[in-house]
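Both complexes below contain chain A, partnered by chain B and then by chain C.
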Partner chain A sequence: MTQTVATPPPTWQERGLKLLRDQGILIAFLLLVIALAFASDRFLTANNLLGVIRQVSILGTLALGVTFVVIGGNLDLSVGSMLSLTTVLVVDLHDKIGPGPAILITILVALVIGAINGGLVGYLRLNSVIVTLGMLSVLQGATLIYTGGKNVDIQNQDATWFAFFGRGQLFTIGDVNINVPVVLFLGLAVVLGIVLHKTGFGRKVFAVGGNPVAANYSGLRSSRIVLYTYMMSGFTVAIGAIILGSRVMGSQNNVGEGWELRVLAAVILGGTSLLGGSGSIFKTVIGVLIWGVIQNGLLLLGAPYYAQWIVTWIIMIVIVWLDLASRRGRLWAAT
Partner chain B sequence: MMKRIALTVATALLSLAAAQTIGITQNNVGVDSYQTTYEQAFIEYAAELGVDTVVLDAGGDEARQIAQMQDLIQQEVDAIIIWPTNGQAVVPVVRQADQAGIPVVVTNSNIAEQGFDFIESFSGPDNITQGARSAEIMCDRLTERGLAETGVIVEIQGQPGYTTAIERSDGFQDRFVEVCPDVELLESQPGDWNREKSQRVMENFLVKYDTIHGVYSGDDNMGVGALNAAKDAGRADGITFVGATNFAVGYEAMERGEYWGSIYQSPVDDARNALDTALAILDGEDVPFLNYFDTPKITQDNQSEFTKPVF
Partner chain C sequence: MSTTATQTKARTQNPVTRILGRILKEQPIWLFVPALVLFFSLAPATSEYFFDLKNFGNILLQAVPIGVIALGMTFVMINGEIDLSVGATVALAASLAVGLQGALGIFPAVAVGLAVGTALGVLNGTIVYRTGVDSFIVTLGAMLGIRGLVFIYTQEQSFYAFDFAYSDFGLSTIGPIPVVGLIFLAITAVLAWVLRSTRHGRDTYAVGGNREAALNAGVRIGRHVIINFALIGFLAALSGVLLSTQLGASTPNMGMLFELWVITAVVLGGTKLDGGRGSILGTLGGVLAIQILRNGLNLMQVPAFWVLVILGSIMIGVLFIDRQAEIRKQAAR
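Moving on, here comes the complex of A and B:
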């Protein structure tokens, strides 16, 4: 949208849309928070809000990595079953080889899986939906083969420093505990935000996702960039798995089932475009928080749990619509 | 010498007479420890009894289960045991088996009611009784704690839409108002059989309610998730945790004195009961249509009488 000096003063619709375009997601989030604060006196307490962030910290960690993939113009639908596999792996290996090596192997495995996804999408140029949807089944199968269908558990739950990641508390302000998952999620968001928005690599991700042809002509090695975005996604899944395994101190084989769509929903809620080339880590964090606030708020209100699916869908439609409306400068399509 | 030969011949004849083939198509063996243990127990028990079996697994796929049923009908096995992937979807193929003259036993989770005419028996746990027994465990414990008049509890249910989840919840709620009419059930929310999800649900309960005296969970896996949340919030001591389907993690938490009670449901008993039911039908015995196996109460008080679950 380029504006020349001669244009008449903006109409209410244009002004509103500009504000929405710039800060729409944040406004939606704040409105949601205010509405819930009126609806439930429990909602706006420090403990509850921190609880919300802690509850979304695993989802959020995964969403950070997926944001790279989506901005790079692709999808990663394998993160759910990758979470199952890596959580099972870190929990199972914990008692066998100790927490340190278990964590290292888990991260390595996730990076390798990310590299396979990224290699197939980046270098072979296969459709990312097909590649990662296939990987979703492959990893669920691998998990079941690995465990033989049995749940895995950590035996001495109170005697391991592994508990730090999911259950640890860093410090206490008043009666509010600052939990490690919250710090890990927000800390990782800051670091990855810098990587995406302040480094050459980050700019290349935007370039490759925004216009792959132009990126190629300008000499970017887009195959490699795509590979790295998937490895980033693998890495954040591993961190999520470590938090999850530590929090639950055990794992079911299907613990990550359906997470791929939840993660994607959070990324979209934040306003990162599925078309690639636009979005931000900050938006994803807000999207994740919106997801968490809906879930928590509806529960506090005593709504049936599955009402959140309906409410989330409605909010997602509104957000995607407003995003599109602000881009084209009008609420409705021209014809 | 003659005696030994006679004995051998007799045994051979007996085993010849008993050489029946029983086919089983299971729901989804790899997916959880219960089903995995069930399959192992089934195969072992069949070997012990000298029964030939065709053991199949539908992998959670209705279409595959229907195809497996048709295969078993083609093979003319003597009886079919089915663990339905979907209580509705398998009714037509169960009817085919019935028309082919092959008795069908449903195991673990029943098929839809319109299929009842085509099966000989249902072998499995009685989930309504399980829920009711959990209610009694909860009420007894709250009464011991002097909370029979003032207590408040919450419930974490299994996955909505699953018969097991619905029956346990109904059984619990119906019985609980009978035995502990003054204890209020504050809220019920689904935990989807998932420990992490249940942990989140419980965290929200803890924020929402300043006082919670008891948590009933549809299985121990979810119950341990709720326990984790309460421990994190430093509120586990004041809460009585009661579950169902005693898992190893629940059993261990009971040993640590953190978790109060559950329902002992053994996949080994489940598998044996299914095979026994099928064999009894083939022998022409009178078998009840709902042939439940017993799932007793287990609490910290009597857990030493039970071996730790393998799943």
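Moving on, here comes the complex of A and C:
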């Protein structure tokens, strides 16, 4: 801190570079939105933009919890099959014990699974990639055992208030409908953003992910904090499952297949480093929105549906690359 | 120094415990594989069917798609990198090999599939090396992008091989041993030699073990990284081709989650995620262990779903034991 006294005030150029380094992804996102607004006159309408957010609301909800795990210095590859299990669970239990208890049990199961992951990674110090990879397999098996390989669905779809989470509309302004999944996702983002950035717990997550040794020496119980990050991830999976189950009113055994990596891709798109210790909920929301805007924009432009995956491939690498390049001051890595 | 000390200590024990101790230390998976074979050969529910040459042939055949890629993943992981795009490459190569053979003939179509897989590997390796972006991120992106290419190329359709020579090859055997399995074993032998005895193999260990030191020792890191990604790209494509000869078809969803199964097999075989340590022999053990377990549990009529639960638990268990051994080693120091 004392050196800052000696340095001259930053020039405009330096300020510009710093802005680019800190908010580069936000700028890229805005450029993307502007480009799409010029390319298609249907893009920049309130209904379309809300549609984009609705489209990514489940992916986004999962990404919020995974952000905690990633900032804490670990990965969670089990969220995909956890989504399969919890969606099947909430849909199947709905007809058996009613929507309220079904939701409660689903959240509880997800928290327990998160706690198992977190216990293995936090307390036993096992490699998080392998633990959650093993859990992916276990949960996929558990889902199939639970359903016996059959799909599940809700019988009387018109008579249940469970439809609210995935299909409900909160209110209408003019011809603009505000959907419940959008509100749930953005509301959860605000709450979890406050938890991560404004509470002592949040600061500890950053400390543990940034430098676990230092965190330990300064008396942080890093094991417990890692445990909580995984429970957070479990919790957001359960919320995602409730939205998904409510929207579809049924579920296949493999709805979450491949989601673990797609969620991670969205987190990376936002600029959160996989090394831990840095990132933010806001970045993740931007990452999720970039994903959604690419998807929506390409469809509006008439590109084939899967072109979005190819564009995501390119953008993901370029974003991380430019971020790295701005940090090291050189475009190419040292040889 | 410490190795000579353990050797003199080991010599005083009887030879059987000495050999077992050495296997336990270096290739624990190769105690697990015979134990599994013994278990399923003796268990009353499976003894009749398991210990049978034809069944062994089946196990080998089923091990091929994951096994071929796992060989390449061993190189990549020892190099300190990872490749998550292999499952998508499997589908792309299979779709090209089956989809183009009507127009080009079988061999050119297969060649196109293998060439595209290798080229994507080179692309991954070049991006990883030149931009310095973590291979986890580069290949995660590639996994999505290549799968996108598959869906666009196939228009979400499955392709069927109309020339029966193609699917006949996939099911052909020499004696009780499937030809596809022999190809896998031959590649395993060659790659075991490459990893142990060539300069590329040794440098791969060096780069993964201590990149800085390797650089200072004059190892050309980029070349090895790109070669290893090219290798796994080629092997993933080969896996796709071999799988499509067994099915006589390709589907756009082929290879889904293969990356995760491959990593499971490689890790079971003792290769570390942080690089610098591992072996082809261990990977072969990991691949066989998974397949023997699947086959044996299947013969026991355990539902296939349980196999997933058991496999995942074993993986976490192995990691736990590994970790305990490491803690004890540190405490002993």
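The rule is simple: the second predicted complex is superposed on the first by the 312 of 335 C-alpha atoms of A that agree within 3 Å, B and C clash if a C-alpha of one lies under 4 Å from a C-alpha of the other, contacts with A are read in each partner's own complex, and residues count from 1 in each chain.
Criterion: a residue touches a chain if its C-beta (ideal position, glycine included) is under 8 Å from a C-beta of that chain, and two chains touch if they have at least 3 such contacts.
Keep in mind it's a predicted model, so treat the numbers as computed, not measured.
On the shared subunit chain A, the superposed partners chain B and chain C overlap sterically. When both complexes are overlaid on chain A, the residue A:144 reaches chain B and chain C alike. When the shared chain is aligned, chain B and chain C each come close enough to touch A:306.
In the superposition on chain A, contact of A:220 is made with neither chain B nor chain C.
Of the two partner chains, neither chain B nor chain C is touched by A:115. By the touch criterion defined above, A:274 reaches chain C but does not reach chain B.
More chain A residues lie in contact with C than with the other chain of the pair chain B and chain C.
By the document's definition of touching, of the two partners only chain C reaches A:131; chain B does not. Of 152-160, 224-232 or 260-268, the segment of chain C running into chain B after the two structures are fitted on chain A is 152-160.
Residues common to the contacts of chain A with chain B and with chain C across the two structures: 144-145, 149, 305-306. Contact residues of chain A toward chain B in the complex are 42, 45, 47-48, 51, 54-55, 144-145, 148-151, 153, 167, 244, 247-250, 252-255, 295-296, 299-300, 302, 305-306.
Within the complex, the chain B residues that touch chain A are 29-33, 35-36, 160, 187, 189-190, 194-196, 199-201, 203-204, 207-208, 221, 224-225, 228, 232, 247-249, 311.
Touching chain C in their complex are the following residues of chain A: 77, 120, 124-127, 129-131, 133-142, 144-145, 149, 257-258, 261-262, 264-265, 268, 274, 304-310, 312-314, 316-317, 320-321, 324-325, 328, 332-335.
In the complex of the two chains, the chain C residues touching chain A come out as 84, 127, 129-134, 136-138, 140-149, 151-152, 221-222, 256-257, 260, 263-264, 267, 273, 303-316, 319-320, 323.
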